[in-house]
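In structure tokens below, several structures.
In the two assemblies presented below, subunit A is common to both, partnered first by subunit B and then by subunit C.
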Partner chain A sequence: MIEIRIHGRGGQGAVLAAELLVHAAFAEGKFGQAFPAFGGERRGAPVQAFVRLDKSPVRVRYRVYRPDYVVILDRTLPDMIDVLDGLRPDGVVLIDSARPPATLSWSADAPVYAIPATAIAMEVFGQPLVNPAMLGALAAITSEISLLSIQDAFQRRFPGSLGEKNGLAAQMGYDHVLKPDVLPVRVTRSPHVRGVGQASAPDAGLGAPGHPLHFGLVVAPRTSLAYPTGGWRYARPAVDADICNGCGLCVAFCPDSSLTIVEKQAIVDYMYCKGCGICSKVCSRGAIAMMSEEG
Partner chain B sequence: MTRGTVSVMEGSMAVAKAVKACRPAVISAYPITPQTHIIEMLAQMVAQGELEAEYVRADSEFSAASVVAGASATGVRTYTASASQGLLLMTEVLYYLAGARLPVVLTGTNRQVSVPLGLQPDHRDTMSFRDSGVIQLYVENVQEAYDTHLQAFKIAEDHGVLLPTMVCMDGFVLTHVVEPVRILDQVDVDGYLPPYEPVHYLTPERPSVFGSYTDDANTLEFYYLLQQAVLGAKAKVELAARDFRAAFGRSHGGLIDSYGAEDAEVVVIAMGSTVGTLREAVDVLRREGAKVGLIKVRCFRPFPAEEVRQAASGADAVAVVDRAMSFGFQGVLATDVKAALYDAPAANRPVVMGTMAGFGGREVTIDTVREIVKVARQALDGHLPAPDDSNFIGLKPELLPVAGPG
Partner chain C sequence: MDKPAVDPYQKMMFAPGHRACPGCGASIAVRLVLEATGPDVIVVSPTGCLETFTSPYPYTPWGVPWLHVLFENAAAVASGVEAALRSRGSSDRVRVIVIGGDGGTYDIGLGALSGMFERGHDVLYVCYNNEAYMNTGVQRSSATPLGTATMTSPATGQAWGEDRPQKDLPAIAMAHQIPYVATASVAFPADLRRKVKQAMAIRGPKYVEVHSPCPIGWGYDAAETVELARLAVNTGLVPLYEAAAGQQLRVRKIQQRLPVTEYLRRQRRFHHLFADANGAHLVSIQSVADGNVNRWALEG
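So, the complex of A and B:
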């Protein structure tokens, strides 16, 4: 049995990727199981999906704790959560990144393939749909599943030209891995990784160390300070100090209380700003521009 | 003999397809996670004309249950589904359905009950209907969920039963998993499940009253009849599974299913999706030299006391994996298992150990089972003063208040 854990953000298609892997494996006569981590799904929030593939029906029903493969659909995730948690000693990591893997934050030593899936997707779709290139790359790395089955799975889900585009992107991801100069980079644990549990402030929130549960789950206000939702952001609001007059309209509209006025200037708290862009829309002076988080 | 077509789909889709194939005349529901996909898919099937049924979007679970109660009383096949608080909001009506002997089929997509607010599967919600007269079947995988919905209508509508029947499937773990499942052809489902023939139903031609007033002169007798009906359903649950196997070549057990229990020293008893993990654990632990077996309680009400007794009485110890607790006493399933084994001859009455595992959605892994079996063996070897009836497996002491409330 091989076990795969896919890390992505809500809306990125991690669950779809997991599902399509099972479809592809099934077409090859294998059995499989795909399921999401259960929680309040939100766009942009880190999400996980799990896949098991086997020659016989999969019976176990728990999350993948010891993955053979970790597939990361968003290069900012290693900064926020411990994506390598439980990776098997011979496990392999795939990440969508045009940057060298060594520059990212890792919690353990592991061989990492950087797949330029966003670049491929922009070329093929004009949109950052990273799934097909990542799954194509996975097909090249593991012998468990063929590129053709993955392309077929996309084609069945998205009949017509969209399916063909997905197939092309999968091919490009596959081809990338097979290039002679593309080898997994052995990354080492980086000191600055925040890691699981620390994505939330370690000293607050439900059940944090030193904070036993209240018998009625009654908590003090502002426990959400422990959840720095800034990690969900795709785009960041940038306030132009020369245009902003400190009127405070954006403050009133920010759904996450992430704006304050300091000395007649709007200041964004990037720890919590989710990048919804409402402030940018409501500012009558056009002082707030939304910039891509990836730069 | 294996009929139908296998394809990969979400558990909720398989349930929707099963319900559709059973041709209900009326479906009513109110959305709640993790039941939502099932009723969305059914609503879509109705909207697209694939399923000829009345789909009633209700304004609450109480209304949804009331709608199917009224519809069922007119003598048609009906379906609803809910979870957690939603099921609890149906409570009054479910008791009514059982008393009025209306064979509604419903899916309980198991989810923890607030407080704490959460989405994880456990059995607190559906188990709260233990004493209502509703028949309850717990399934372990998507295939069983599909097959059991077909069986549920057959059981519920049997003229010797006529009781609401609930198929309980662990939320997310089974409703949101994508895996291969064999879907039957409509003609085969029609062959297995004939159209519903009501015994009593509301019609202007033959006016009647459902659920009329009684007093102490006859309520006792009414309860006696209800008990006979629920007990009588045991044979029908077995029959529905046997007929299903004869028609389609597969079975998930009748009232119970056992796996390696015959020669086991330690038998683990469980319900629902943890059973799959337990099957794997039995194989793993047996390879490690531990004689472990498994009994799946598939039908929780009526309770298969005799079957559990026979299957478990060869073991030295029985560990019950409970996903629901009767607070102030112990695990709900453990209580029933003990009661069942009380009637076993003293010489082959195993030690019974209740464990709270999978409770609150805390996952049961192979290691969890290893731990449970270890504790059971310690109990056997007399290293524990007495088996603790509510072992909270995997409890994190650091989360517990040092002093009590107050």
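So, the complex of A and C:
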């Protein structure tokens, strides 16, 4: 049995990727399971999806704690959560990135394949739909599942031209890995920084030893300030100080209370800004531009 | 840009770090409402998106006391909180508001809401209306407009999405002869704040509804929340008005009315209406807007 953990963000398609991977396995007469894990978080928040593939029926039903493969759909995720948690000693990592990451706060040494899935997706779809290229690359690396099965799974889910585009992106991800100069880079372990998305809260649930049972909870005001949602962002608003006159229109419309006016200038708090882009749209002077986080 | 030297969040009533989706209209509504009420309020919320994205223990964006109760009883609990404040002699200093979604207001909490109105509690009930059950993945509510595709009002085969008219809850509130009812929109913050201030100046039950677009449930780019809210008003689909004791007080006039298609075509939930055979349904929705314009004299 091989176990795969896919890290993505809400709305990005990690859950779909897991499902299609298992559908591809079914088509090859294999067994498998796919299921996601996420909390009350919304679009943009880190999510995980789990996949198990085997030649015989998969009976276990728990999350994947010891993955053989970790697939990371968003390269900013390793700064937020320990994506390598529990990776097997011979485990392999695939990350959507133009080049192998040099410094990441990971808990293990690991061979890492950098797959330019966003670039491929922008070329094929004009949108950052990274799934097909990542799964195509996985097919090239694992030999557990064929590229053709993955392309068929996409085609069945998205009949017509969209399916074909997915198939093409999968092929491009596959081809990328087979290039002679593409080899996994061993990224060494570095101390993991407990950052965004990691609860600094009690690990034990209510009723656990030493933790009193409550039926009502009282917490201090504004504790969410310890939960920087800025990591959800795909694009960042950049205020042009020469154009902004501090009118405050953007402040009134910010869903995340992440804008303030200081000395007649709009200031964005990137710690919390989720990059929705409303401020850029409502600014009557065009002083706010949305810049890609991919840089 | 550097962070400002003064902590801007020190006294904020609705802090960042909450987990609403990017571009969430309800988040804008809640912050604007609290800016108008000031800090001396107790907020009660029924189940819904607002509850979910503001309460993953132990993180809370609330800078005012906040209670989460069941889907069906926010108005009843708020009534109890108000009665307790009165009995303690602090009802002059601390006021009670409910902030809930359309599912908890139009559907599940309607009985308790009616009771709160008719018993005359000094509570402001704010409904952020995003026109479906978004928290659970976009199921229709009785606030879902005509023609909307949701998970439970799909546009497949002969079906063209929601085929029943939207419930007129502000009219139901008005029928209780309560001292203040208003509709507002996240697109018009000054208007919304003024209406909430107006409501807070009055003792007794008040109802303010805030039209709050949802990028996920409606299917549009998160940056367009305010634009869509403005289009809903400027097409006449969302009339903004105030009423007291069952009588219309004033309306926000539409400067230049747009056809409903300008609003509908920008949302995935209405895309099926633009298939050729369905032209008739666009006419039905236009007549809803025309009806609003006539009824509330929104033009001129």
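The working rule: the second predicted complex is superposed on the first by the 262 of 295 C-alpha atoms of A that agree within 3 Å, B and C clash if a C-alpha of one lies under 4 Å from a C-alpha of the other, contacts with A are read in each partner's own complex, and residues count from 1 in each chain.
Rule of thumb we're sticking to: a residue touches a chain if its C-beta (ideal position, glycine included) is under 8 Å from a C-beta of that chain, and two chains touch if they have at least 3 such contacts.
Quick caveat, the model's predicted, so the values are computed rather than measured.
Student: In the superposed arrangement, does A:Tyr65 touch subunit B (first), subunit C (second), both or neither?
Tutor: first
Student: For A:Gln33, select first, second, both or neither according to whether it touches subunit B, subunit C, the two together, or no partner.
Tutor: Touch status of A:Gln33: first partner only.
Student: May I ask you to decide whether A:His23 touches subunit B, subunit C, both, or neither, giving the answer as first, second, both or neither?
Tutor: first
Student: Now for A:Ile288: first (subunit B), second (subunit C), both, or neither, which partner does it touch?
Tutor: The answer is neither, since A:Ile288 touches no partner chain.
Student: Could you let me know whether more residues of subunit A are touched by subunit B or by subunit C?
Tutor: C
Student: Just checking: does A:Lys274 make contact with subunit B only, subunit C only, both, or neither of them? Give me first, second, both or neither.
Tutor: Touch status of A:Lys274: second partner only.
Student: Just checking: does A:Ala139 make contact with subunit B only, subunit C only, both, or neither of them? Give me first, second, both or neither.
Tutor: A:Ala139 contacts neither subunit B nor subunit C.
Student: Please write out, lowest number first, the residues of subunit A touched by both subunit B and subunit C across the two complexes.
Tutor: 39-40, 217.
Student: Show me the residue ranges of subunit A that touch subunit B in the complex, using the header's touch definition.
Tutor: These residues of subunit A touch subunit B: 18-19, 22-23, 26, 31-36, 38-40, 57-63, 65, 207, 209, 212-217.
Student: Sort out for me which residues of subunit C touch subunit A in the complex.
Tutor: Interface residues on subunit C, with respect to subunit A: 1-4, 6, 8-9, 12, 14-25, 27-28, 31-32, 52-64, 186, 189, 215-216, 221-227.
Student: Please name which positions on subunit A make contact with subunit C in the complex.
Tutor: 11, 39-45, 201-202, 217, 219-229, 232-233, 239, 252-258, 260, 262, 265, 267-269, 271-272, 274-278, 280-282, 290
Student: Can you list the residues on subunit B that touch subunit A in the complex?
Tutor: 6-8, 10, 34, 115-116, 119-120, 141, 170-174, 176-180, 273-274, 276-277, 279-280, 361, 363-366, 396, 398-402, 404-405
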